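Should a chain be cited, it is by its letter among A, B, C and D, assigned in written order, with residues numbered from 1 in that chain.
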Amino acid sequence: MTRRTYAAALVDALAEEMQADPAISVVGSYVLGLGPARFEFERIRKGHADRVFDPPSAEAGLVMLGVGAALAGGRPFISLGTAAFSYVAFSAIVNEAANVHFQSGGLSRCPLVLHMLHGVRGGGAPQHSHSPQAQYWNAPGLEIVLPSTPRDAKGLLRTALRSPNPTLLLDHAKLLGVEGEVPDEPGFAIPFGQGEVKRPGRDVTLVGTSWTVGVALEAAEVLAREGIEAEVFDPRTLVPFDEAGLFASVERTGRVVVIDECVLNCSVASEISARIAQHRFGALKGPIVRIGRPAAPAPYSPPLEGAIIPSVAQVVDAARALVRQP
Amino acid sequence: MSWNRDTALDIWCRMLSMRRFEEAAIALHAGGHLTGHYHVYIGQEATGAAVIAALQPGDLLFSTHRNHGHYIARGGDPARGLAELLGRATGVNSGMAGTLHLCDPAIGMPHTSAIVGGAPPAAVGAAFEFARRKSPRIAVAFFGDGALEEGLSIEAINLAALWKLPVLFVCENNGVGAIGAQGGGFPGSIIGTERLTAIPESYAVTTMSYDGTHAEGLYRAALSARTQLLAGKGPVFIEAVTRRWAGSQGLWPELVHGPTDVRQAWQPDTVSEDAASDWVRTGDPLMRLGRDLLAAGWATAGELSALDERLRQTYAQGAEAALGAPWPDPSRATSHVFAEAER
Amino acid sequence: MAPSAQVLGISAGSTAIPDTVTRDEAVSLYACMVLVRAFEEKVRRLHAAGRVPGLPHLCTGQEAVAAGVCAALQKTDWIASTHRGHGHCLAKGADPAQMMAEILGRATGYAGGRGGSMHIFDAENANLGTNGIVGGGVPLAVGAALASTRLHPGRIAACFFGDGAMNQGVVLECFNMAALWQLPVLLVCEHNGYGEYTASDDVTAGRLQDRGEAFGLPTRDIDGMDVMNVWAEARQAAERARAGGGPTLLICRAWRYSGHHASDRQDYKDDEETRQWLARDPLLQQRHLLQRDHGVDARELDDVLAQAEARIEAATRSALTAPEPDPALNSLRVHA
Amino acid sequence: MRQISYRQAVLEALTEEMERDERVVLIGEDVGAAGGVFGQTRGLYERFGAKRVIDTPISESAIVGLTVGAAMAGLRPVVEIMFGDFITLGMDQLVNQAAKIHWMSNGQFRVPLVLRTSVGTGSSTGPQHSQALHAWCAHVPGLKVVFPSAAADAKALLKAAVRDDSPVVFFEDRASYAVKGPVPEGELIAPLGRAAVVRRGRDISLIAVGRCVGIALAAAELLRQENVEAEVLDVRTLSPLDVSGLADSVRRTSRALVLDQGSRRGGLAAEIAQTLSEQVFDWLDAPVERLAAADHPVPFAPALEQAVLPGAREVRSHVLRMLGRKETP
């Protein structure tokens, strides 16, 4: 095990896989954004100069380039930079990449990794703070991966680079600098559809994805001081989704708070809550509580921006209210 | 590979097969078996057949909603193609694709997009991979003049020109003639300039314009384009100008003169006199190549008739088999959403 | 890309400059550029001191394009700007105090702190706003021009976009429609040679000038560092648009002295090229022209400079003391 | 009461609103001389001329972007996107410009535009021409989303949408264009943001979107034979959702099944089900359930396509299971 930042762990996985598989190429100039973490990517440019390409800003054309390359035997890693720009390529993602295998009757494959940085990063304002995964979850044919730690980032990226399907890898802009223990053994990979209990507990289940897993863990510490043992469950991938792992946790605690950085309407939290209610209604001691972004664009000014992000306090209050319910 | 008897005869057979496929499709629609709207390739066969005849097996082809001709010219199985149009289980794509998305990786046609402007960027992606892996293969994108109104296809031309990718853009400009615009039909391309080729030229792309009904010209153009592409000299853009077939009324085509009679190539007086006869005599690429074969002494009327007869059998049986083919089981609807990783 | 006009293949000393330029018109162009430069310099220093959230994009070096084009427009003509739009807003008449308050995320900003640098709207001066999406503003201006042909004949629109945006599909679709329907719009490309960190020449095939003509769009390739030249070309295009003569693509060759954003060290540019462009600073060029052709003495020019800096100081003081916005108002005005 | 088709109702709404307000214009592909590929704008070009019924090139992202700019500058444009699947090409202009401008500009600019598009299965048009994507738009703050299920609402809600000062995405069910329904003469307009009870009942609330309203009504008739009285609600405006209207019904019936024409996962049905669970948890005897379009792309083959949406019989047996009743053969 070694201590690595999230960004470094991503680059480790990418570098190792590029060494092993000549089919992999990287197209995108800002894989790790415009912040300090971006210099981590220089190793890939130096190590594989002929396999890294700086495209014009033409996101729709870029995703289609990835689809065509995948159909021609390649394994392109296409980075769109900020997730908000993926809307410019929305048709290429949901009408082309997602449908290749299905509409060819299973004859053709599209092994493509589409990477983007999502979430409220600070000062992003309404057009650079999107978390579009809820909308992509409604488009059949796309695998969706949301790592929350450096370890998960490395393990899940390796699986994505070996998947025969189009995979959306959404990294939260604020996680790039976070540090954590990362296994070194060669070929370390985490399969899709396998969630993880990041912290065991018995009184309430806190479900988070990507950055909100950290919020859940912090809330669990605060609750522990009040004698409430919260369990934190991280599904890690939306498609395929680890229902068994989630339901097992719900059965243990009987209470659920789902924390999601998407806007609450038709969000990831809505889908997760509806599934729990439908399949484990009997296990619930009270209604499932959703915590997400309110129905408004993301404001620029720090005090406004701070008010819309799911907070530790909100999670603690919700969990305490559920547990204290008569 | 050069223009000779064998090549010309091979292209004529491909063109005739493309024509019979569309005639079968129109008949199936008239019989109420083919629901939904569909697009036929009648009148453009020379472009598809000639360019595709110049390809090598490893090259990849990307088409659009008007794809039947490309599928047949590249060697797609007619019976399985017709079965796919009828949504049957034995269709080449098991009923998932239908007329808008006919494809088959086995003949180098892996994915057919029905989004206008979808073919050029996909072909650019494939060419990007070939160039990167230094493999002697090219990608071809067929699309209509309308596609150049989509920003997506212009982004593709820029990418291809920028990185000198081995992609051949074939723009089948069947810009609506008089019939379409006045008859309440759909206006052709709406582009600010008259000269379509000005757009690829503004990206320093090698651009040529050809008569879309002249198989020999297009075949030579495609051969030289392929050589230039493999030499890393960047993309080539071919505009193939064709006249709209008399029977094409937007989404509901009709066989204005019934099935094509190949003998009219050497018996022009048998063409009945009406609004469509001019197109049959001068606009139909099949008739034109037939006349050229006879004039060059590369085939006799008898040989052409014999080839035609064999193809009629193929299509009669094909339509028969398609109509009799089983419907897919509804439970299959959720299959192939994701591919299984190779074990 | 060497800076001198000849090498760039631009029509040096464009014949478009009308001979009857008045002294006041030339001085007001200088005053506008000086105001923009002072504003951007203040934002840079505030950002360095950690007072500005996020990453503002500065237009230092490109003042001549903003000043020249907006001087050719009337107050009611529409403009649509970019993520690097402080200069466009100020040149179109926006209030520096409300702009600075918005950049600092304060309640008195144009958007009450909601938008920040990339989302400044100023309806009073028909400013359709700065924009966070590359090429995002171009269809807004083309749409406004379409509306004007019906609702307010005689009003025209102008949009600004970078050379990076010339590779966005939506921008080329707009070229086609503007030419097709002969819409009264000025399409102003601020060609500063770089799309974010990538040199445009590395990502742009063929010549940018040809892309307009391919859609039947009259195109001018002009020196964007000479405010008199920009102003003359913009006036000609504006008059033609107002008279129903349709759109013009104005490619203005310019250079941004600041990085893509405030903390970008610009290590991707080579020093020799930068030095040459610094020698063609639009403010210095105009100052020299005013002295040589209009007999304006240095003292009066220094006054103009001092007034600009005083105005920006006052605007900054009011913005720094303005209240933080109230989060409870976040969900207001989501719907009209 | 006269019977006219869903398509005719749309056409009447457009004609009346264009007569009423000079600023209303129609922009889209083949909406002019061709009269719309489904005939839904026939006659408007001849009546209002090329300046107000504008044919465009095939450039969806610029078309949507252009209408946003025109709306900011004072027009009240109705932009038609031929197939709902193609709004994906205009998604950036819809999500990052139209939906946010009023909010971002602190009220300085309004964007009074209507984006009309046709959606849904039933015409063998395959995966890229048959989707119902309203959930994506309902997810975006700043967009109002409307989905009429029959002719009367197609007219009444479209007129309200054109007069609304916010951007409205108006979904029309393509398979319903030819379906006739009762539409009163004269001025007919209905407020946005309100659901409607289309059939009274006491045992269960069937909350339906778009074409599923007709399916729910057919299922209710089948259920009557099992003496189960189902209440059927038509959601009409999907965002902002009429939560109180839906909650009132479920408080009376204490059971709810949501029927949605969009796909199930991450869809509108999940949002409605969870919102109801939060509002009326104590009244619920069982969890709110969902029946929606299957989670796979829409296949071409009719035999496969017809299985995408739940049918009336499938709804009937699902309700009986929810009520713990045995299926009588």
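Quick notes on this one:
As a convention for this text, a residue touches a chain if its C-beta (ideal position, glycine included) is under 8 Å from a C-beta of that chain, and two chains touch if they have at least 3 such contacts.
Computed from a predicted model, the values in this text were never measured in an experiment.
Note on connectivity: the fewest steps through touching chains from chain B to chain C is 1.
Any chain touching chain A that also touches chain D appears here: B, C. Interface comparison, B-D against C-D: more C-beta pairs in contact at C-D.
Of all the chains, the one whose CA centre sits at the greatest distance from that of chain D is C.
If you average the CA atoms of chain A and of chain C, the two centres end up 38 Å from each other. If you average the CA atoms of chain A and of chain B, the two centres end up 42 Å from each other. Of all residues in chain B, those touching 2 or more other chains are 91, 95-97, 101, 113, 115, 149-152, 155, 158, 162, 190-191, 337, listed in ascending order. Looking at chain A, one finds that residues 55-56, 58, 60-61, 84-85, 88, 91, 95, 102-103, 126-127, 140-141, 294-297 touch two or more other chains.
Annotation for chain D: residues 56-57, 59, 61-62, 85-86, 89, 92, 96, 103-104, 126-128, 141-142, 295-297 touch two or more other chains.
Chain contacts here are complete: no pair of chains fails to touch. By the touch criterion stated above, chain D contacts chain A in their complex at residues 61, 85-86, 88-89, 91-92, 95-96, 99-100, 103-104, 126-128, 133, 135-136, 138-142, 239, 262-263, 265-271, 273-274, 277-278, 281, 286-290, 295-297. By the touch rule above, chain C contacts chain B in their complex via residues 167-173, 175-180, 202-207, 210-211, 213-217. Within the complex, the chain D residues that touch chain C are 23, 25, 51-52, 56-57, 59, 61-62, 64-75, 92-93, 96-97, 101-112, 141-142, 144, 164-166, 240.
Across the interface of their complex, chain C is touched by residues 149-152, 154-155, 157-158, 160-162, 190-193, 198-199, 201-205 of chain B. Of all residues in chain D, those touching chain B in their complex are 30, 33-35, 37, 55-59, 61-62, 85-86, 89, 123-129, 294-297, 299-304, 306-308.
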